[in-house]
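Below: a set of structures, written as structure tokens.
Look for chain A in each of the two complexes below; its partner is chain B in the first and chain C in the second.
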Partner chain A sequence: MAEKASESSNSISLNTVDGKIFKVSPTIANQMQTIQSLIKAYDSSRVISLPHVNAFHLSKIIEYLEGKSATTVSAVKEFEAQFMKDLSLKQLKGLLIAVGYLKVNELLELMPKTVAKLIENKSVEFLRKFFGIVNDFTPSEEAKIREEIAWAFDGVDED
Partner chain B sequence: MESTSMQNLPEQLISEILLRLPVKLLVSLKCVCKSWFSLISNTEFAKLHFDLTAPHNHKHLVSVSVYDHGTKLRIHYIDLEGSLEDRYVNFLSPFSSSPLSTNTNIHIYDVCRGFILLGHSLNYTRTPLNFIVWNPLNGIHKMFPYYSILSQQCSFRCRFEYVASRDDYFLIIAWIQNLQGGLLGVKYFEFLSMKTFSCLQVDAMRLPYTKHQNWRQTDFSFVDGAIHWLATSDNGHSVRSIIAFDFIESNVSEIPLPQDDFVNDPCVNSLRLEVIGECLCLLNGPKEQPSFAEIWMLKEYKVKSSWTKYNYVPAYVIPQCSFTPIYFIKGGEIVGLNQKSILVKLNEKGEQIYCYDDHFFWEHDFHIYTESLISLPSGYMQA
Partner chain C sequence: MSQISDGHDNNNNNSLKNEPPHGDSLHAPPPFIPFEVITEILSRVPVKSLIQFKCVCKSWKTLISDSEFARKHLSTIHHHHNLLLTINDNFDNLLIGSYSLQSVFETAISNQIKKLLRVSGRGMYEKRQVQSLSPNYHMKTNKILQMKF
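Up next is the complex of A and B:
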């Protein structure tokens, strides 16, 4: 009991935008660079507010940081694959923004890679829709670019 | 799927995603919008993309030909990592201002980090009228007016190499001459910086060891900012070693060979020095029948204890053992030329698993290419 108390006194409290308090160990907290620098700047006993992160996203990040400490390389790979598979696209986007804000390096590697896999071999039109981008080229500007890089459009899905 | 799922993603995160896309898709995404166009064309982005993706990219053997009335150059790719399948891609010709005639003999001299060093000449002579450095994927290119002097009656070997410590590319030319006894040898080296266009000339005959070297005189291997060749010193008893000339620091050093009687026997003249997968390698013929031919690979540059021996072809498979290795694949597979000059891939037991029998190859035709979007260094005027 006493041991547990000293452990929790070491732990860091994080308050998400939707008002949930998470207690995490320093090992977990330090893997989020943004929090690491906040701990250095403030008294660590304080509750750290995260105005850009909600409880779902923080719980997912903690789940990842705890889960990827598996013993073998293949177990980590399996865990990462399952972790990414469980997320819907909407969740993926929200989590990616949270990960970018908190600077969780390993997820900043894994998540863009996952999105990149999703859009491999997709067309320009698909990706404009996917990222909600407005084409600001005039038709003739775009035609000129397409002509210069015609080779890059061989064998691309047009859906 | 929800089509609007990734809307309004911060630019930094979009960049992180794009950095992990294959290079061909990335090029096609230049026409998504203006901000993507400039991101994908950005020099720093291209370097990061290369560092992140190049280790996993498939390496290809490439060759080039004039296509579509000279307005395009066609690159022929053979995938070394896969089953040696090939494909053709037609790029806008960097010679667009003066289209090449279809009987122009265009030739790849070297490749480096997505760049191709091309030379072209008429009448099927091998002396180029012009050198051009070209990255087909972003169209960036530069002609070397300087080397119009190549028309002089002198043969040469040339390389295009990247020196990380300077973040610069160099055109390296070895000018060949006849030495005493009818041998060919390097007369002098030229190192032309792409950043400053300054040219360093080095009298090869004044470098130590060069005059003792007695086979494959004209060949040199480039790795880690230095050129290398095999040499034998004759200070009483012949000692064989690899000589490294670092032209940036202007120093010459010696790399000891592995502890192996055969490699160190100066009477053995089948030994060759090559660079395979960015490591210096010694290639050995078979010692006796039946036996294996060997490759010694210096896994860590200048660390003698990192010499590692691979047996690559059982001699009974190829009796004369004229197998020429070209490229190693992790897991023990090897690509090379068999005795009929046909490209084959062997497994770790030396058994042929794939072959590319469309045409024959010459030894100097091998350019192992990795695609990139890299530009030439800053301070560098484009054509």
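Up next is the complex of A and C:
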């Protein structure tokens, strides 16, 4: 679908880290702010390399941007819900990184909502793992904070 | 996108150790979730969860305690969370649903709020706790309601 070369002469070529070339329309490309600024900076006929964005994540982003523009306003919510639902936790994380890097504003609106819902009852340990965060508190610092906020820990999900 | 304004926060943001040095963004893309995206996510999380998330790492604690973030959180989340707080004159009936992050961090009233949340967290009312609140707590609570909700 997205990988098929477009006949349009002004399509933008994007090369993912795993070596797949995507040709996208300027309308789609310009919805990724990072790409937009690269198109401005370079000759648009040049293939734009995207190290660290893989084909899966780029194809999901394109799927979203194309799908969203193709649907009516009333169908957008349904489309978005299905789009997010189809992603596993790991895919969600990878896509967040890609979306953050490429600055896809539409998805930067939608994804935080989904992730916020997902993490609201999760444990601190789950969050560190999910976000790849190193705990930089000393054990005694952490114990002190946990004591101060112990009242907030009712009803946390099991990991 | 909201940035943390307080100067010392920038130092604490370095605690996300995965962050590569800033350089050419094309050739050094982030293999981590950008902090701005994390801010967007956390601004949509209910207050009670956010309080727990303060012990994830130093940068999260700084972010969650930041007054600008609290304002962002309030403007993002208030459409989805209504405060449900009813107290009658005899303090014998108390119910709390949701509440703003800012109210929890306003030192003048935070202790009262925390006590109320404790009651709420157990899903039951304990007369003893309510009696331990300051005499003018009812007035202050009403004030919070008017100011924040």
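What we mean here is this: the second predicted complex is superposed on the first by the 125 of 159 C-alpha atoms of A that agree within 3 Å, B and C clash if a C-alpha of one lies under 4 Å from a C-alpha of the other, contacts with A are read in each partner's own complex, and residues count from 1 in each chain.
Convention: contacts are C-beta pairs under 8 Å (C-beta built on N, C-alpha and C of every residue); 3 or more make two chains touch, one makes a residue touch a chain.
No experiment lies behind these values; they were computed from the predicted model shown.
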First (chain B), second (chain C), both or neither touched by A:89: first
Partner chain(s) touched by A:38 [first = chain B, second = chain C, both, neither]: second
Touched partner set for A:153, first chain B, second chain C, both or neither: both
First, second, both or neither for A:97, with chain B first and chain C second: both
Contacts of A:129 with chain B and chain C, given as first, second, both or neither: first
Partner chain(s) touched by A:52 [first = chain B, second = chain C, both, neither]: second
Shared chain A contacts, counted only where both chain B and chain C touch the same residue: 93, 96-97, 100, 108, 112-113, 115-116, 119-121, 124, 127-128, 131-137, 142, 145-146, 149, 151-154, 156
Of all residues in chain A, those that touch chain C in their complex: 34, 38, 49-53, 93, 96-97, 99-101, 108, 111-113, 115-117, 119-121, 124, 127-128, 131-137, 142, 145-146, 149, 151-156
Touching residues (chain side chain C, partner chain A) in the complex: 15-18, 25-27, 29-34, 36-38, 40-46, 48-49, 51-58, 60-61, 114, 117-118, 121-122
Contact footprint of chain A on chain B as seen in their complex: 1-10, 12-14, 16-22, 24-25, 27-34, 36-37, 89-92, 139
List of chain A residues in touch with chain B within their complex: 89-90, 92-93, 96-97, 100, 108, 112-113, 115-116, 119-122, 124, 127-137, 142, 145-146, 148-154, 156
